[in-house]
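This structure is in structure tokens; I'll ask about it shortly.
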Amino acid sequence: MINKIKTASEAVAPIQDGAVIMVGGFMATGTPEILIDALVEKGVKQLTVICNDAGVPGRGVGKLLTKGQIKTLIASHVGLNPEVAQRMNTENEEDKLTCILVPQGTLAERIRAAGAGLGGFLTPTGVGTIVAEGKQVIHAEGRDYLLELPLKADFAFIRGSVTDEFGNTVYHEATRNFNPMMATAADHVIVGTCSIVRVGEIDPNQVVTPGIFVDTIVGGEMPWQI
Amino acid sequence: MADIKEIIAARVAKELKDGDVVNLGIGLPTMVANFIPEGIDITFQSENGFLGLGPAPAKGEEDIDLVNAGAQYVTVKPGACFFDSAASFGIIRGGHVDATILGSLEVDEHGNLANWIVPGKMVPGMGGAMDLVVGAKKVIIAMQHTNKGKHKILKECTLPYTAVGVVDLIITEMGVMEITSSGVVLKELHPDYTLEQIKEATGCELTVHSDLKPML
Amino acid sequence: MINKIKTASEAVAPIQDGAVIMVGGFMATGTPEILIDALVEKGVKQLTVICNDAGVPGRGVGKLLTKGQIKTLIASHVGLNPEVAQRMNTENEEDKLTCILVPQGTLAERIRAAGAGLGGFLTPTGVGTIVAEGKQVIHAEGRDYLLELPLKADFAFIRGSVTDEFGNTVYHEATRNFNPMMATAADHVIVGTCSIVRVGEIDPNQVVTPGIFVDTIVGGEMPWQI
Amino acid sequence: MADIKEIIAARVAKELKDGDVVNLGIGLPTMVANFIPEGIDITFQSENGFLGLGPAPAKGEEDIDLVNAGAQYVTVKPGACFFDSAASFGIIRGGHVDATILGSLEVDEHGNLANWIVPGKMVPGMGGAMDLVVGAKKVIIAMQHTNKGKHKILKECTLPYTAVGVVDLIITEMGVMEITSSGVVLKELHPDYTLEQIKEATGCELTVHSDLKPML
């Protein structure tokens, strides 16, 4: 079996300036902090980050934001991290953050669509709002829908609770959120996990993310990082 | 006089039926859970990925993997289940949530809702609100009737929409209002206010229901 | 808590002639045979059945087919049940079966879309084939896709391995297949399950079908019915 | 001479690389699993809902909840996982299957495939085949070169398509052929056959690769 286990700095080594990275987590619950920390240390810039939210200062993608590593943030909610507004409104063009807001259900579904080989989907969410701007409206079976397109990434940072050496992963409680979809929608998937076990130790009925989606496994993720 | 927020939350709770699946927004709506009568079994959904949301844990008993969509520590009840965000919004958009209760900056007489952005000022993002109000079977707006005297219930929203034509019911400290094809109908008036007061506090025409009741 | 537990005949009592019924299972593995048996006994006719396949004679939806209760079958594969061809080609108009074939992935996704409130989705499957007939072709990001529409039903027959009294359900091994999607896409969902347990006995991390989707629970499903 | 099906299956197995995710069709393709060399780790997908498909169980050790897409009893290997049909076809359509191996009634020089229906005669349905050939990174057709002498590799399919322009490789008992933008290229010829024989058995032009090798 191919050995997928690496250190966090080895895992993020292939990531270059300008990369598109999906980061699991919801207000940093379910975000692999060890991978974020390694990326902060590596110092790559001009990143496009796709994440439900902007975390909070000092946690999750908030750390990348503080370091000025994010050029574009695609998220559903950024209100709990005041740095987002500051960086969106900065007069220093080089530091300026572009923030693209996507309804949470649409964000989850666009990521799923990319992973599942769908060319898009029709959602009633956002019809008649500014979210509809520039999008095709399709009338089907008596109702208007927006055509939303798939969303892919170069890398995905996934946060597992238990991962076997093949990459099969389960998520504990509310840490699951965006992680399972993101694991399917990036060219290169890195799992930061709390516990690495041998192949066969996870009941096949309980696996949430199949190991075939996982390229790299990093152990040592903690239940909480400050 | 009881706390205004408690008055609103208590009245909202009466809208819920045994067996309902309900999503509560952040802030005031969260308080609705405290007013569910005995014998009424409600399953609360947390859009970050579970059903069976319970009360806040006791100090020192927080589970760090278990937070609600507002990033607060919570508990789950027996019979809860966890799922991913795509499944969560499948439940929401698919009409499997009986009622969503959320606050708003503005609501208008067409049932349009504006609660996610104040251009040039506040850009928090829509989070799950756009999906919730489009998908839930019943959309209940629970909010203070005015913003320090400024109208929030309007002829036309002035802020960008969260969604169009989705609001079913508005519950404030002054009354209970239904959005109908002929506008906003006042069904209950709180005893602390007069008809004149609520009309003055409302930025659109308020039709008074022929069987107007006191809001209790 | 509302009591959802009924006998099989009570469970199928609301089903009338002409109903649209989704039936979980893949070649009858994962089909709730006790519910099929109850429907055979009830004798309703002119049914539209949505199922991955036609089962085999004497198992799964094959039993309904033998009794002539199915008017229209929507499935991805019917080759392993020779009765399908016989009934499609019968000269007796009243007994004639209409069979609508849908690619398996498209069938699963159409059912999911109905349950998830999507108005449809774009799939590359079927482009340039007779499956595309009558469907809108949408060009997105450099590729042609078919617009496929959601598929709903009046009733769903779900086969659980373990179900709690609220309806939370887990599926063992290959019995899962279409069951989880079908549980979301019908007005009335009936689970035939091998084992009914108390609320709280299933780990909330392992539930596959949330109990909110389940209207009726019928115990006594066996690992195999002959 | 070895069994024709075994010759084909053994040659197909050589196309697979360590770590590949592979879906095997019913019939001949299923035999490919018997020819995977030591040290090559393949994860087999079963489209009815799992990864990590293993060999058939010993008589009497069948698990009734564990069958493949052909309704035969199978086993799973350590590291397997189960999922639903939507997830299964997400894996397939999403390009996460490295190779799909299936038989065919007809293939043509444009890479078009026809293997699911013979109008007026056989209407078994497409099952998962249409999704598999559109989604898998590599589509390998493993079949006997002709149907009792009747051409199966054609200029144009005569039967309704399963998909258009999807076939990468055709492996028969006579040779290994790649579908390119300039038609069918013969890359390997089985030593039991002459160039003339394979050309005669093929219903379209067969370009012989400049570095033609024996099929072993």
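By letter and in written order, the chains are A, B, C and D; residue numbering begins at 1 in each of them.
Just so we're on the same page, a contact is a pair of C-beta atoms (placed from the backbone, for glycine too) under 8 Å apart; a residue touches a chain by one contact, two chains touch by 3 or more.
Since this is a predicted model, take the numbers as computed values, not measurements.
Count the touching C-beta pairs: is B-C or C-D ahead?
Pair with the higher count of C-beta contacts: C-D.
Hey, how far is the Cα centre of chain B from the one of chain D, in Å?
55
Provide the C-alpha centroid distance between chain B and chain C, rounded to the nearest whole angstrom.
Once rounded, the distance between the two centres reads 35 Å.
I'd like to verify one number: the distance from the centre of chain A to the centre of chain C, where each centre is the average of its C-alpha atoms, in whole angstrom.
Roughly 33 Å, centre to centre.
Approximately how many whole Å separate the CA-defined centres of chain C and chain D?
29
At least two other chains touched by the same residue of chain A: list those residues.
Expected reply: 109, 112, 116-118, 123-124, 171-173, 204-205.
Could you say which residues in chain B touch two or more other chains, in rising order?
Residues 50, 76, 82-83, 86, 89, 92-93, 134-135 of chain B each touch two or more of the other chains.
Using the contact rule from the top, write out all pairs of chains that touch.
In this structure, the chains touch in these pairs: A-B, A-C, A-D, B-C, C-D.
Using the touch definition from the top, list the residues of chain C that touch chain B in their complex.
Per the touch definition, chain C meets chain B at residues 1-2, 112, 114-118, 164, 166, 168, 184, 199-200, 202, 204-205, 207, 210-213.
Mind pulling up the chain B residues that touch chain A in the complex?
It comes out as residues 46-50, 63-67, 69, 71, 76, 82-86, 88-89, 92-93, 122-131, 134-135, 160-165.
Residue numbers of chain A touching chain C in their complex, please.
Touching chain C: residues 109, 113, 116-124, 138, 140-141, 143, 145, 147, 149-150, 170-173, 204-206 of chain A.
Under the touch definition given earlier, write down the residues of chain A that touch chain B in their complex.
Residues of chain A touching chain B: 26-30, 52-53, 56, 75-80, 85, 88, 99, 101, 103-109, 111-112, 123-131, 161, 171-181, 208, 223-224.
Taking the complex as given, what residues does chain D use to touch chain A?
18-19, 21, 41, 43, 50-52, 76, 78-83, 86, 89-96, 134-135
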